[in-house]
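What follows is a pair of complexes built around chain A, which joins chain B in one and chain C in the other.
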Partner chain A sequence: MLEVRNLHAGYGQTRVLAGIELDVQEGETVVVIGPNGHGKTTLLRTISGLLTPTAGEIRFDGRRIDGARAESVAAQGLVHVPQGDLPFGDMTVEENLLLGAFPSGSWGARAERIGRVYGLFPMLGERRGQRAHTLSGGERRMLALGRGLMREARLLMLDEPSLGLAPVVVNEMYRHIEQIVASGITLLLVEENFSHVQAFDARVLLLESGRIVREGSVSDLLADEIVMATYLGT
Partner chain B sequence: MAALIQAIVSGLVTGSIYALMTVGMTLIYGTLRTLNMAHGSMVMIGGYVSWMLFAGFGWGPLVGLVAASMVAFAFGIVIQQIAVRPLIGRTGFDFEMTAFISTFAVTIVLSNVALQIYGARNKAVPPVIRGRFHLIEGVSVSWHSMVMAAVAITMLVGLGVFLSKTRYGLAISAVAQELDAARLMGIPVGRVYNLTMAVSSALAAVAGVLLASVFFVSPVAGDLPLLKALIVAIFGGLGSIRGTILAAYVIGLLESLISLYFGVKWSLPTLFFVIMLVMLVRPTGLFGRPQEARL
Partner chain C sequence: MTGIADAPQSMADAALLEVDELSKHFGGLAAVDELSFRVAEGETFGIAGPNGAGKTTLFDTISGHARATNGRILFGGQEIQDRSTHAICHLGVARTFQIPAVLPEHTVLGNVIVGAYFGHRPRAVPGLRFDEASAERARAAASFAGLGGKLDVVAGPLPLFDKKRLMIASAMASEPRLLMLDEPVGGLNHREIDEILELVRKVRSAGVTVVLIEHVMRALMSISDRVMVMNHGRLLFEGTPEDVQGHEEVIRVYLGTATEQPPSETAADDGEGRTEPHGA
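Now for the complex of A and B:
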């Protein structure tokens, strides 16, 4: 469903991605882990079109999307929940969610979808009239995720859902993500911390210095001594 | 006492028209992050459309309101396409400043085109309704002023509903507040910029039609409105709609009170003094927040 070939990207003179190869099959959960500053966020931003690659190809459902504008990639069903959540701060929770259903295919079903999101995150329903900038970090994260679920996602990309949250809230976030995965969605997840994704039936890629350096199931990587030494310090 | 009430009433009318004139400028600053210096020209174009319909067909300003807003809507799209869009996303220079200059160039071109077509002579347009309305003993308002205030307030309320309740209205606010997130929602940013310019221009043209019956229409009819709109927009805090509307009424009242107590000649100098004071004491204006989403 998603094919990334020899992808290079960066900011100005700074090269961040140096030849990424990545495939995501329909219905699969793929987790990209790696230390901060090695290109995980840049990878997602390049796939979703916020950043233009300097070389390489990205195909989504067989169609080239490298160099396409983010708004047209989004309209094709690629949902990217970005780092920092980027809520529309002066708008209410409900308005934020409605905007998640902007593409014409989803707008007609917005009432039904908003009900589903409120079912998944009852907190958002309670705070529907509250402005987004007044939410706590965990609530903002749930709003960002809920906003992403407002339209039909062919592929959902989550950028470090645990970032900056208290451990209890992280666990809650991952319970929600497990629920979403169980609904059969195709997921590309980026995390710095290996521990959150151990429970997932996922293919794990290790991103270091802009390249994929290891690939395997969760248990493969758990058995890999070098990986363990690098990421868990054991 | 009657004079004071008279001044307050006319200040409120002036404030309403200032709000209508400026809110588009605010909207554009919120989404595109630049001052649209062609905004005053839309006031002028509104005036000419109204005059042409009157001189050509004998139609009054009510028809002019509809026609002028449609003409300016189209102008807004064209100006965004030729003077603003080519500058967006170009690296190496400051978009805010270059778009400021390019839209100012548009103003110069439009004024001179108007001069070529219509000549320098002032054109007069009749009011929507003639006569005056007697509020209390010694205080009267022209019916046209009442219409101006009513139309302005209706348009502002309509704009508020559009921005908070409709799909593309919400999209305008989304682009203003968090551009990357808006793009990730699939919101077509280019189309939103067009729409913002179009709606803002239409609002200015409506103000232009209303003002055409009070002042005259001329190639420079947009200059003073542009200046007033800049003062109001800066006072209110660039990009804040609430701030703009409040500032418009404060400036409108201030102007008419100064005219009452010190004479009309002091109104513009005082406004400049006030705006200098605002820049020194509170550079972000009444409701402005630096480096933040504002709509």
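Now for the complex of A and C:
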């Protein structure tokens, strides 16, 4: 479904990705782990068209998408929920969510989808009429995630969805992500909090210094002492 | 807990930070709602609670970034709720932020020296250049935070782990008595979390009182002497890290039922083997 070949990207003089090779099959869950500053977020940004690669190829369903604009990549069903504080502050919670369904084929299903987002994050439902800038940091993260879930995705890329969220919310969100995976949507996930990833039948990639340096199932990585000590906790 | 006494406290139970019936309203929303608690000098005090419980707003009112609607905040016995951010900083309160706040165009040393020069004491008429004493304090604080080898690196492109340490270095350069950390380990991996916890222990050993907000329970429970859980701007629980994990209401509104892995023993920290980014 997604093929990445010899991908290079960076910011100005700073090279971040140094020859990424990555294949994601339809229906698969792939988790990318690795130290901060080694390119996990840059990889997702380059795939979704937020960043133009300096070399290499990216194909989605066999079609080249490297160099394509982010909105056309998203319109093909490759949805990226980035890290960070993204909502439009002067718009309400609900307006921000509706933007997630606009303007692609997801608009007709917006009422049903917004109901699902409020089911997942009840706090957003309580605050649907509030302007986004009045939300707390964690609530803004929920809003950014909820907005990403408003769109019909075939491949969903989530960048550290648990960041800054209360444990009970993280549990609830991962239950929802499990449902998304069970419904057949392909998932590419960046996540430091490995305890939540263990529930998935996932392939795990270790990204260091801009390259994929190790790859295996969750149990393979759990058996790897170096990976355990560095990333997962012994 | 005893009530808030009007008489001066004896030295034995003198609170460094005393929050007394504090409220902060945003329109009709009471983000902080008649909250009272005290933190003793030398203590490490952890704050947890659901998203939107008012944790960061509480930090903002203490550091002067937001004005309290009602109530008092005493630091070292002085009321600070109406003072400006820099005046509060000069009294000895320093903080970090959830989303890294660094000067992106400046180097690591350039960032820390701002804390060392402007955070340390009033500079009504700033000099044309930073003085050598401030530069020395800045270098010491950067080394303290493990950034001694990156003094000349521009801060903007630094990874999250370094930015988090840089905020701590800048805060420590102001020589605070109270350091407030807003999610110091969020987004970091296991190894990086252990390094930040080690740094916080060093801060504590240096005699600085620490108040921290954190959702990573492994970190909060292992570092805090006492924990407060907030909900809807109010105090839901206050007690030891051991007691909080069995508190039914805290489990219901905050921790959830999925059990976390027990806090692991910190792996032997050889300080080696950390791969640094290449190709910059």
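Just so we're on the same page, the second predicted complex is superposed on the first by the 205 of 234 C-alpha atoms of A that agree within 3 Å, B and C clash if a C-alpha of one lies under 4 Å from a C-alpha of the other, contacts with A are read in each partner's own complex, and residues count from 1 in each chain.
FYI, a residue touches a chain if its C-beta (ideal position, glycine included) is under 8 Å from a C-beta of that chain, and two chains touch if they have at least 3 such contacts.
Remember, predicted model here, so these are calculated numbers, not experimental data.
*Asks:* Would you check which partner chain A:172 touches, where first means chain B only, second means chain C only, and both and neither mean what they say?
*Replies:* Second partner only, chain C.
*Asks:* Is A:151 touching the first partner chain B, the second partner chain C, both, or neither of them?
*Replies:* Once the two structures are laid over each other on A, A:151 reaches chain B alone.
*Asks:* Using the touch criterion from the header, give the chain among chain B and chain C with more contacted residues in chain A.
*Replies:* Of chain B and chain C, the partner in contact with more residues of chain A is C.
*Asks:* Could you tell me if A:69 is touching chain B, chain C, both of them or neither one (first, second, both, neither)?
*Replies:* Touch partner of A:69: chain B, not chain C.
*Asks:* Could you tell me if A:163 is touching chain B, chain C, both of them or neither one (first, second, both, neither)?
*Replies:* Once the two structures are laid over each other on A, A:163 reaches chain C alone.
*Asks:* Would you check which partner chain A:138 touches, where first means chain B only, second means chain C only, and both and neither mean what they say?
*Replies:* The answer is second: A:138 touches chain C but not chain B.
*Asks:* Examine A:195 and indicate which partner it touches, taking first as chain B and second as chain C; both and neither are also allowed.
*Replies:* It touches chain C, and chain B stays clear.
*Asks:* Give one of first, second, both or neither to describe whether A:80 is in contact with chain B, with chain C, with both, or with none.
*Replies:* Touch status of A:80: first partner only.
*Asks:* Return the residues of chain A at which the contacts from chain B and from chain C coincide.
*Replies:* After superposing on chain A, no chain A residue contacts both chain B and chain C.
*Asks:* Which residues of chain B touch chain A in the complex?
*Replies:* 164, 167, 170-171, 173-174, 177-178, 180-189, 292-295
*Asks:* Sort out for me which residues of chain A touch chain C in the complex.
*Replies:* 11, 14-16, 18, 33, 35-38, 83-85, 123, 134-139, 141-142, 160, 163-172, 192, 194-195, 208-210, 229-234
*Asks:* For chain C, which residues count as touching chain A in their complex?
*Replies:* Residues in contact with chain A: 26-27, 29, 48-57, 98-99, 157-162, 183, 186-192, 215, 217-218, 253-258, 260-261, 264-265, 267, 273-275, 277-280.
*Asks:* Using the touch definition up top, name the residues of chain A that touch chain B in the complex.
*Replies:* 48-50, 69-72, 74-75, 79-80, 82, 86-91, 95, 98-100, 102-103, 107, 147, 151
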